[in-house]
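Labels for the chains are A, B, C and D, by order of writing; each one numbers its residues from 1.
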Amino acid sequence: MNSAVKTNERAGIDFGRALKDGVIVGIIAFALLGPLVGLKTEQNMSNELIVQNRLGLAAILSVIVGVGRFLLSAFIYPRIAARGNRSKAAATLAELEARAKLTQGLSIVGLIFLFVYPLLIISLFGVQGSIKWVDNYGVQILIYVMLGWGLNIVIGLAGLLDLGYVAFYAVGAYSYSLLAINFHLSFWVLLPIAGMLAAFWGIILGFPVLRLRGDYLAIVTLAFGEIIRLVLINWKAFSGGSAGISSIPKVTMFGIYSFDVSAPNNFAKAFHLAASSAYYKVFLYYIILMLALLTAFITLRLRRLPIGRAWEALREDEVACRSLGINTTNTKLTAFAIGAMFGGFAGSFFAARQGFVSPESFVFMESAVIVAIVVLGGMGSMIGVALAAVAMIGGTELLRELDFLKAVFGNDFNPDQYRMLIFGLAMVGIMVWKPRGFVSARQPTAFLFKRKTVSGDLVKEGHG
Amino acid sequence: MTTSLRNWDSDPVLAVEHLTMRFGGLVAVNDLSFSVGRGDITALIGPNGAGKTTVFNCITGFYKPTTGMMSMRPRDGSLHLLERMPDFVVARKAKVARTFQNIRLFSGMTLLENLLVAQHNPLMIASGMTFLGVLGIGGYKTKEREAIERARYWLDKIGLIGRADDPAGDLPYGAQRRLEIARAMCTGPDLLCLDEPAAGLNPRESAELNALLLSIRKDDGTSILLIEHDMSVVMGISDHVVVLEYGTKIADGTPTETRNDPRVIAAYLGVDDEEVEEIEQELDVVTGSEEGRA
Amino acid sequence: MEVFVQQVINGITIGSLYGLIAIGYTMVFGIIGMVNFAHGDVFMVSAFFALIFLLVLTSWFGIASMTLALILVMVVSMVLTGLLVWAIERVAYAPLRGSFRLAPLISAIGMSIVLSNFIQVAQGPRNKPIPPVTRDVYTLWQGSNGYPVNISLKQIIIWVVTALLLAAFWYVVQKTALGRAQRACEQDRKMASLLGVNVDRTISLTFVIGAALAAVAGTLYLMYYGVVVFSDGFTPGVKAFTAAVLGGIGSLPGAVLGGLLIGLIETLWGQYVSADYQNVAAFSILVIVLIFMPQGLLGRPEVEKV
Amino acid sequence: MSAEDNKPLLTVRGAKTYYGNIIALKGVDIDVNRGEIVTLIGANGAGKSTLMMTICGNPRAREGSIVYDGQDITRLPTHEIARLRIAQSPEGRRIFPRMTVLENLQMGASIDNMEFFDTDIQYMFDLFPRLKERINQRGGTLSGGEQQMLAIARALMARPKLLMLDEPSLGLAPLIVKQIFDAIRELNRKDGLTVFLVEQNAFHALKLAHRGYVMVNGVITMSGSGRELLENPEVRAAYLEGGAH
């Protein structure tokens, strides 16, 4: 046995070692899970906390963790090590080109799919049955795609880590809600106003903080996000406090048709269709699709303009930028403001879609989710960010569908609880697996002879 | 030695007067005054830690000097006091461009993009401060084409035209140094500050660098201030040498004058006096014969 | 006057806890330049360890002596929290060292989500109240207007434990080879390894020490407030981070000083200005400090290298 | 000298080192025998410091082998290499700026057991009396020359078998350079200390060393005894090319 282990070392599989790893990890897991899972604190009838013994469950979980580690050590790690040795060098140019072609093809197919998606869903599930798929998946994911693309300008292109992006989302949402309720203005008037207000706040907040570097910038933006949320909670006269604002007007079809059931020009009535909220959802779907594509279009455009190049140069090397006469403060501010503007657009859409806003929707976790989408997607890559939004948001939405597991684990089992847990685990897992995100290669913005993809290894991540 | 008025006194593009820079208690530059003649190649030399890079950082606005005045006169006749300007204005208005000791290229961007970023300010105006550019109106397209042509000219000049669409980070060391110089030149400077441009170059590359610098001076009329260790560069191409030691100027003159200054030899080569002679002889072996006394 | 003194006493108590947590932020940032986002949640988990073992000791083993129970609980919580953080560091941070700079931050945010949601799933989403460990209160003096200035035994325990632990910790960092290796890694990791310091292990140890101090804070927090809930990690975490930044991130005395200041400002603000905007005050301090003196009170100014 | 003494203490074969995709060492072969002073000269950026760091495993050689004292250390982590008593005074000195002189010296000794500490530190103070005056001062507040002395003393505190010095003369006044080189010569003669010395200013180095190597752009182009190299016209040119630091 022992000699077999020795000889296997070259081959890569060392079962003795893997077994040891597995046992140790299992023991550690039990030391931690034993108390946290195995001893559950519960309130009894007289409202006192008692400990409920579930050590068996903890033991099972620990064994699972230990076995998992054994499998990793025995099979996965050797394979990764072997692969790492083989292709230590960066991806070849040909590989990069092939990948770039693939993503290009993918984005065209994806675009077509996005346009026909609601029709597809309606034909599959019927008008009423489509609501869930169009709203929960389509609209929900597209909001995050748009937010991801907006934040991508700040983090991915300019390399500034903004952990308070949700503040601008909130500014957009509250601007629309308050202005629509108090001044009875339509969504289409308020959308640009909300965007501009968000951009304005982006500049206000950005001006003092943008000379900070690295993690400090991240923390200050986080603090700003929290301050805005706390003010929304506490300034009850202005924002309605934690109760929020309700009965926010819906989006109209450019004033021609309304989606209010009571309105005379109700869309369904006008076309003699059965009353259903599905039409509104489909309409919202196309609005957010258009808004997201607008974000993408403007971003692609900006990248080819001097400002976009300056953002990327800033991400690569700020000192060099300054030596070339670029006003880095202004450059950062524009990135911040434009990113905030798209956040504001998304926010006002969100308010119109929900019909209700409260500070609850703008907690730090939302910012964290959007940042995660940008980084997981691969900073600066539009298609990567879109893919990450689909994977992370769509994935966690899918977890809502796991009600059938109740049959397995009993009625107390609520799969919805595990959504964020799995989301967090996925964040860690993807970072460890691909620290640079899904798509890290970069497309140059200009070329003399031939456009060549730049390997992600060379692209810097920015200092902030 | 000749006492006639020299170029750097009669027509300075940059005059540094009483420059002092302190970091906490440490005096990095001490009451330094010197001038850079228009159209000259001026070398700033001295042992490591003599404060040369600090002087550069003061001139280019990255450090605010503790005291002192630095006046820059670009070709258009305007006058700029560099100590009062933020770094990016030094580059934009006073027309001073620089390179860095540890090359600072935009490594994830292509060579062409690097040179386009250097033309940011004129292009920014051409794009109507972005607003018109996004809408696709205004003359941005033409201006961008011109910028690309300018980049092509410089890529050609540094012999990297074939690699225009490769990322800058992929270039070998010597090529990165040349690209950094080209990038600085794309800002259209009147004074080009080079921080150890020959560091890490082999003799052939050093010679190419010399040729490049001479042609920059000839074709573009740009004055050059450089920090250098490589004596073949310093002695081969410079018109004027300023020697620093521990933040203080110990010599200032033509290459021939400074080369023969025993203080320079002692300080610069870091040997004690008994060995100075020995080294002087060796220096003469290489450079003494090719140049007669002025 | 009495109200002010009373609030100062309360503020120092909370501030001590912030200081203990802040050390974890400061040390980790000092050594690898990373904001360990999950540290606040580690603190929360440590309070749960304390809660669970307190219940086990009192209800299963029937230990009546609260002092003994408290000491045991604190030690167990320190050990288990240290183990937890060691595991987290190995799994989620160590593989990312030296790669993309944002990756560890994202990983830490992910870990923070994992920890709070894991506790929510495993222990339930409700508040977990415990009976008060002690009700003893001493009146320091009776004010002229009849308002007494009190200090509770709990507050005294917190002050004493914090002071003792900080002294012990200070000794370790300043006087032992371990502390020296730790400071060496902080100042120049490459050089430390050239001198035979196992940098990876030192970094792991730094995480563990920070976690153990957070566990002390977690136990004391549970004792002081008598309740803990799965979402308790975020706000104390951010405030402790604010404390670390205010004191000068990387500076250990700074972390403690910052903690005390944040505690004081918070309670006094709550008393005299607005209880509603108490947290806004804490965040505003963070913003103001970072903008106007990013090096903090006791930190080192950073010189930009060109 | 016994037969043992002539065996190489350090053998580098075909070492290739990269920074990212840029190659810094293009296959370097070097031998350092026991009791020898070997110097490596070359221009700024030629890869001298990279070679020294590669021997210590940071960055690690991607190809080739490094054998020290009969043991292959190519794949060992840096701290384990250091514990084999390879001490380095690296490029840029790398003094711990916020530790006192004493603590810096303690860091140097930390891998050894502490029984020699008192005698060793006394020896350092004899060698560099300046350090004794500054014993409680922080490393960052020392002048360049004092830092250089501290870096060398810190390396010596490890009681190394192989001492590697990266430009010990850098930024130092001539008199101190002489002192340091005398100290190195003395340590080599008295204790048989093996020294691997990187210098840009070849003049002193070649006078001191038994043997020397010349490095140009990541490749060893020449080797020979110190005297030979000093008299070689090509080296003279190369020395002028880069040696004037």
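Keep this in mind: a contact is a pair of C-beta atoms (placed from the backbone, for glycine too) under 8 Å apart; a residue touches a chain by one contact, two chains touch by 3 or more.
Keep in mind the model is a prediction, meaning the values are calculated, not measured.
How short can a chain-to-chain path be from subunit A to subunit B, counted in steps between touching chains?
1
What chain pair has the highest count of contacting C-beta pairs?
A-C
Which chain lies the greatest distance away from subunit A when centres are computed from Cα atoms alone?
That would be chain D.
Can you check how far apart subunit B and subunit C are, centre to centre, with Cα atoms defining each centre and the answer in Å?
51
Where the CA atoms of subunit C average out and where those of subunit D average out, how many Å apart are those spots?
The computed centroid separation for subunit C versus subunit D comes out at 44 Å.
Can you work out the whole-Å distance between the CA centroids of subunit A and subunit C?
Once rounded, the distance between the two centres reads 30 Å.
Would you pick out the residues of subunit A that each touch at least 2 other chains?
Residues 319, 458 of subunit A touch two or more partner chains.
Please set out, as single numbers or ranges, the residues of subunit B touching at least two other chains.
If we look for residues of subunit B contacting two or more partner chains, we find 62, 100, 169-170.
What are the residue numbers in subunit D that touch two or more other chains?
20-21
Using the touch rule from the top, collect the residues of subunit A that touch subunit B in their complex.
Per the touch definition, subunit A meets subunit B at residues 298, 301-302, 305-307, 309-310, 312-313, 316-317, 319-328, 334, 442, 444-452, 454-455, 458-460.
Inside the complex, what are the residues of subunit D that reach subunit C?
Touch list, subunit D to subunit C: 56, 58, 77-80, 82-83, 87-88, 90, 94, 96-99, 103, 106-108, 110-111, 154, 158.
Sort out for me which residues of subunit A touch subunit C in the complex.
28, 31-32, 35-37, 39-43, 48-51, 155, 161, 208-209, 212, 214-216, 218-220, 222-224, 226-227, 230-231, 234, 319, 364-365, 368, 371-372, 375-376, 379, 417-418, 420-421, 423-428, 431-432, 435-436, 461
Touching residues of subunit C toward subunit D in the complex: what are they?
Contacts found on subunit C: 177, 180-181, 183-184, 187-188, 190-199, 300.
Give the list of subunit C residues in touch with subunit A in this complex.
Within the complex, subunit C contacts subunit A at residues 29, 33-35, 45, 48-49, 51-53, 55-56, 59-60, 80, 83-84, 87, 91-92, 95-96, 99-107, 109-115, 117-124, 126, 128-131, 234, 238, 241-242, 245, 276-277, 279-280, 283-284, 286-287, 290-291, 294, 304, 306.
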